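Across the two complexes that follow, subunit A remains constant while its partner is subunit B and subsequently subunit C.
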Partner chain A sequence: MFVNSLNGIIYGSFLALTSLGLSLVFGLGRVVNFAHGVLYALGGYFFIIFLPSLGWGAMVFAPLVVVPLAIAMEWLTIAPIRNRDEIYTLLVTFGLSFMITGAIEYLWGTETTLIKPPVIFQGTVDILGNQFPVYRLFASALSLLVTGLVFVFIQFTAVGLKIRAITDDNEMAEALGINTRWLLTSIFGGAAGFAAFAGALGAPIFSVEPEMGMGIIIDSFLAVILGGLGHLPGTAVGAFIVALAKSIGGGYIAEWAIAVLFLVVAAIMVLRPRGVFGRGRIA
Partner chain B sequence: MATRSTDTRKRWFSVSRPAVMFIVASFALVAAFSSPAFAAKKDPIKIGVLSFLSGKLKPIGDEITTGIQTAVKMHGPVMGRSIELILEDSLVNAQVAVTKATKLVQKNQVTAILGTSTLEALALLPVANRLRVPIITSNSGSAVITGEKCNYWVFQTNPTPQMAVVAMDSLINDTPKFKAAKWFTMGHDYPWSRRVARSVKIVKGVNYVGEAYAPLDTTDWAPFIAKVRASGATAVVIPVTLGTPLVQFIQQANEFGLTKQATLVAPIGLPDWLIAKLGELSTHIVSAGAWSAWRLEDTIPTTKKFNELYYKMHGRVAGMQAIQAGTAAQLLFNAIEKAGSTDGKAIVAALEKLDVEAPAGRMRFQKDGRMAEVALILGRIEKLKKPKYGAMYAQSVNALPASKTLEPAKKLGCNLKK
Partner chain C sequence: MAASPEVENLVEDASKTRSREVATRVLLAGSALLVLAVPFLGASPFFITLLTEALIFGIWAMSLDLLVGYTGLVSFGHAASFGFATYAAGIFAMNISADFFLSTIVAIAAAAAVAFLTGLVVTRLSGIAFAILTLCICQVLFQISVVWRSFTGGLDGLIGVPLPTLFGREVEPGEEFYLLTAATLIVCYLLLRRVVESPFGKTLLAIRANEDRAAAIGIDVRRHKLVILILSWMTGGVAGTLFVFLKAGANPMSLYWIESGNILAITILGGIGTLFGPIIGSIGFIFIRDQVTTMYRAWQFSFGLAFVLAVLFMPSGIAGIAERIWRRLWPARS
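Moving on, here comes the complex of A and B:
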């Protein structure tokens, strides 16, 4: 139980980082961003491209390349249809995810690339008689740190205040003079940056391949739904619920791991339709 | 008389000059028409290649097409005619595979179809009698293709997973370390994994400590690896899908230190491109039934010839799918020559009687069936003392003949209807 719980916590902290951007983008712009997974994949690819020249600094540089690309993507494809129903942005981002995956395959091939963790993070560490990879623990701690910094930013800065205002009432925020257009585009870019950072951070664990974002996007959506649409603390908790359900389910009844996960999600949705804290949007 | 004599000489000369020219021209024509250059100018024999030419499975399609291209070059003209390959992408879609195969036969008028994997071969079985061309699959993993759904037109050169399952018994019994090991099955959640697990469990005296089956979309193997470690297993058979999932599993097994605790056993082996990708990690793996291995070249001259040409043409080692596809092509070319015709039925009849040395070894099809009597290759993946054909790591070769793994066609459920 301890091993599975710790595995769940490690994966959960990583998932919290990937889900955060998804939740932010939905909370602010009502954009169901299906392209979030490919932005995560782009982070992984730019990381391995810059790794030979920049070393592990590539982990910071990769998101910096993805952010302007995501801003351009938002400006060209999502902004023009922002005032329409959510299904429009869902379909557009769904199409974009296929286009970007195709572009990745065309540019960098379809093969899987393995990355070794930095030397200081290689090997395992003994925790209560169980071996855990050092890099996983490091990635988990770093994910928690970044997630924590995002919460601090949103809770204690002027920009964070504007973000919360838009999340609560978009029209009222605009009436009060907040430049929602600029903020929405910036947040889309920032969310892409978190996804890309997660892609780079996860590369030594999950490897890099064109469809690497597909698996993580499903778990991330589940985390966002569990946490309540657009509610950031709920999303983080949702990420840990998803990860623990998968880990504990997989450890005891492997064949039923997915069923266990969806049962948990279904139960929470029935009991708490607005997410674990009851503060998310219905849609 | 003298005049007549002169006239006769003149007549002889005047008649003989065109005759001499005719003879010279005839010789020139015979020489020209029998030259390889002319062979190439005759109508080529068209062969369809239906494979994965795009998407995630493109590396497999590349191996297959390059293997066939190498076999074309190695064999040279067939019945004095060059070979023209017509490549079609199945897009990993059964319906598309049928459409493309129909196009190859009806529009391109191909003599045969090569290059198919499980998906395409299964899709073509119901339409094979309509297509009426020989189809030789070289990368299929379904027993029904040469078993209960076997078809007069469809042949297979690579070993079936069932043969690999039988090979597991041999591997365990012939390796003292494995006989004493604690066995665990860690696979994907589908029927093949369970069949592999059963093949381990039924080995007499085996110490079987558990099994776990992960969902097909698993990317984080941590919970499953924890389960394997908790069981104390020292040999883990891994029926995990080839490609990214297997790479991820092996990488994470190593990350958690499982490779120090246990030997990983890949039930159908690893393709060489995957071995190259895993590098040092691959040395933790024992192959229980690779479809083929380039290292057969130490004992089979045709394999060596194929490997050298493949490396010259493509700059890398010939992987198992390349060797199998090259073998299928080689068998087809020999059958066409033996049949002396490109007629489908004549080629099928020739294939049934064929017994030739191909890149994957001595090859013939089983009696009353469509499965090739192909050997399996067992052994640990090891670091080569000296890199060869660009490969640093490769499987050691211990060939297990088909006589030990392949059951008679009738027992496999194959009842051919012409």
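Moving on, here comes the complex of A and C:
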């Protein structure tokens, strides 16, 4: 139970990072980025590709490669349909995930790669009588730190204020002279960078395989829905609910974890259709 | 989805001339006859089998069109309706009776039951939340089909589903089964046509155009969504039953997200809100995939690309373009 909860918290801290990007992009531009998961996967792949030559600096370098890719993606496919209904962004990015998953399998094959954590983090620590890998704790702390920094950025900087203004009322923000177009593109790139970073950071824990983006995108979507679409603190809470439901539920009834998770989500959706804080949108 | 040019195709065109209506009927009847005549035109057994699969996908894509095209509910987990029915029909046929009608009824009833249960949750939603939650439900069913080995055969799926029987006689694979599939497709098309042209169907269009306004004029939006969801799953269930008999087995991959993506792309590429378009999309998909996958590894990439391009530049699909040409041929007289 304790180990399951701890693993849940670790997974939750990764999920918080990916779902936050998803929620930010949705709040800003009403863009539902299904391809967020494959950007996470690309982060993992670029990490293992750069690892032999760059060492652990690859963890920083992998996101830097994914960001321009994501910006190009936004320019070519999402910007042209901004005036259409938001479901179209979901359709387009769904097609993009098909493409990128296909490209990953084509270029790098379908096998699973598991890499060892760096030497200094290879040991285990004793927590209440359970041996726990150090790297998991380190990675989870790091992703929580990055998540915290994102919140600080949004809450306390001038750009963050603009982001909140756009999320609140897009037209009004534009009328006040905020360049929403430019901001959306950069936030899209930034969110992609965080997703790729999570993919790289998680590589020694969750392994790297072509379908890795699919698992994380479904959980991230659940987190975003639970938190209320576009509501950032709700998203973070949602991420931990999803991760804990999965790991604790999975601890009791093994492979049925996802069914338990869905029951939890369905129950919350019925009781609080606008998310845990009741402040998101329902459609 | 907001009102867009493709809505015009759905709403009865006041200036539609009598001659165009007659011509459309002749065309539909002609295609139905052609579909039924294929085995007698000297087609190879391989071609027949491939076309059988395409027509099964056509039934399935039509069922998705009911949601996406006519109600504006974009389901990202429509593999659930099909895959679930393959298991229901397959398990029934293996253990109790391989009678085609009985198996179909069992699969339809099972699909309707699941649609009702999931509908209690998903009909509260629309747009993106609906899309995502349907995807999640489908993933749950996929997971269950893999995990519940004693009942579903795990990753191997069901193996050795017997041939279907019709009025106590075994249906031969190949031409006979093809004719059964083609007849089922035509019946499904005619029934669904009746549904979408009924007052109920028009109400769905109102919900699609604007849910809040529909509710404001007194339409029970949730109940309508629930009914069409169940109907859609039932139709998907028919397709699933045919599929399990065609393949003589069921596989968890029928429930996988890629399959949901395939059928959604087929429906949109074919042309939503037309019922006919998704059938064309299915035939195109099955035949192109057959040609391409054997010699070309980047199939999934290319298909994704085609889907992206279609959403960007051709949202009304093949049927939308065909309809525009058709209107040129039979212009409305003023």
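One rule holds for everything that comes next: the second predicted complex is superposed on the first by the 281 of 283 C-alpha atoms of A that agree within 3 Å, B and C clash if a C-alpha of one lies under 4 Å from a C-alpha of the other, contacts with A are read in each partner's own complex, and residues count from 1 in each chain.
Criterion: a residue touches a chain if its C-beta (ideal position, glycine included) is under 8 Å from a C-beta of that chain, and two chains touch if they have at least 3 such contacts.
Everything numeric here is computed off the predicted structure, so don't read it as measured data.
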Touching partner for A:Glu105 - first (subunit B), second (subunit C), both, neither: both
Contact-wise, after the overlay, does A:Ile216 reach subunit B, subunit C, both or neither (first, second, both, neither)? first
Partner chain in contact with A:Ile48 - subunit B first, subunit C second, else both or neither: neither
If we overlay the two complexes on their shared chain A, which of subunit B and subunit C does A:Val66 touch? Say first, second, both or neither. neither
Kindly classify A:Val150 by the partners it touches after superposition: subunit B alone (first), subunit C alone (second), both, or neither? neither
By the touch definition at the top of the document, which applies to A:Tyr88: first (subunit B), second (subunit C), both, or neither? second
Under the stated touch criterion, which partner chain does A:Ile258 make contact with: subunit B (first), subunit C (second), both, or neither? both
In the overlay, answer first, second, both or neither for which of subunit B and subunit C A:Leu28 touches. neither
A:Ser97 in the overlay: touching subunit B, subunit C, both, or neither? Say first, second, both or neither. second
For subunit A, which residues belong to both interfaces, subunit B and subunit C? 105, 214, 218, 255, 258
Of all residues in subunit B, those that touch subunit A in their complex: 54-59, 189, 212-215, 217-220, 222-224, 226-227, 229-230, 243-244, 247-248, 251-252, 255-257, 273, 277-278, 281
Could you list, by residue number, the parts of subunit C that touch subunit A in their complex? 1-2, 4, 74, 76, 120-121, 124-133, 135-137, 139-140, 143-144, 146-147, 211, 257-258, 261, 264-265, 268, 297-305, 307-308, 311-312, 315
As the complex stands, subunit A meets subunit B at residues 3-4, 7-8, 10-11, 105, 109-112, 114, 124, 130-133, 135-136, 205-207, 209-212, 214-216, 218, 246-251, 254-255, 257-258
What residues on subunit A touch subunit C, complex-wise? 32, 77, 80-81, 84-88, 90-92, 94-103, 105-106, 214, 218, 221-222, 225, 229, 255-256, 258-259, 262, 265-266, 269-270, 273, 282-283
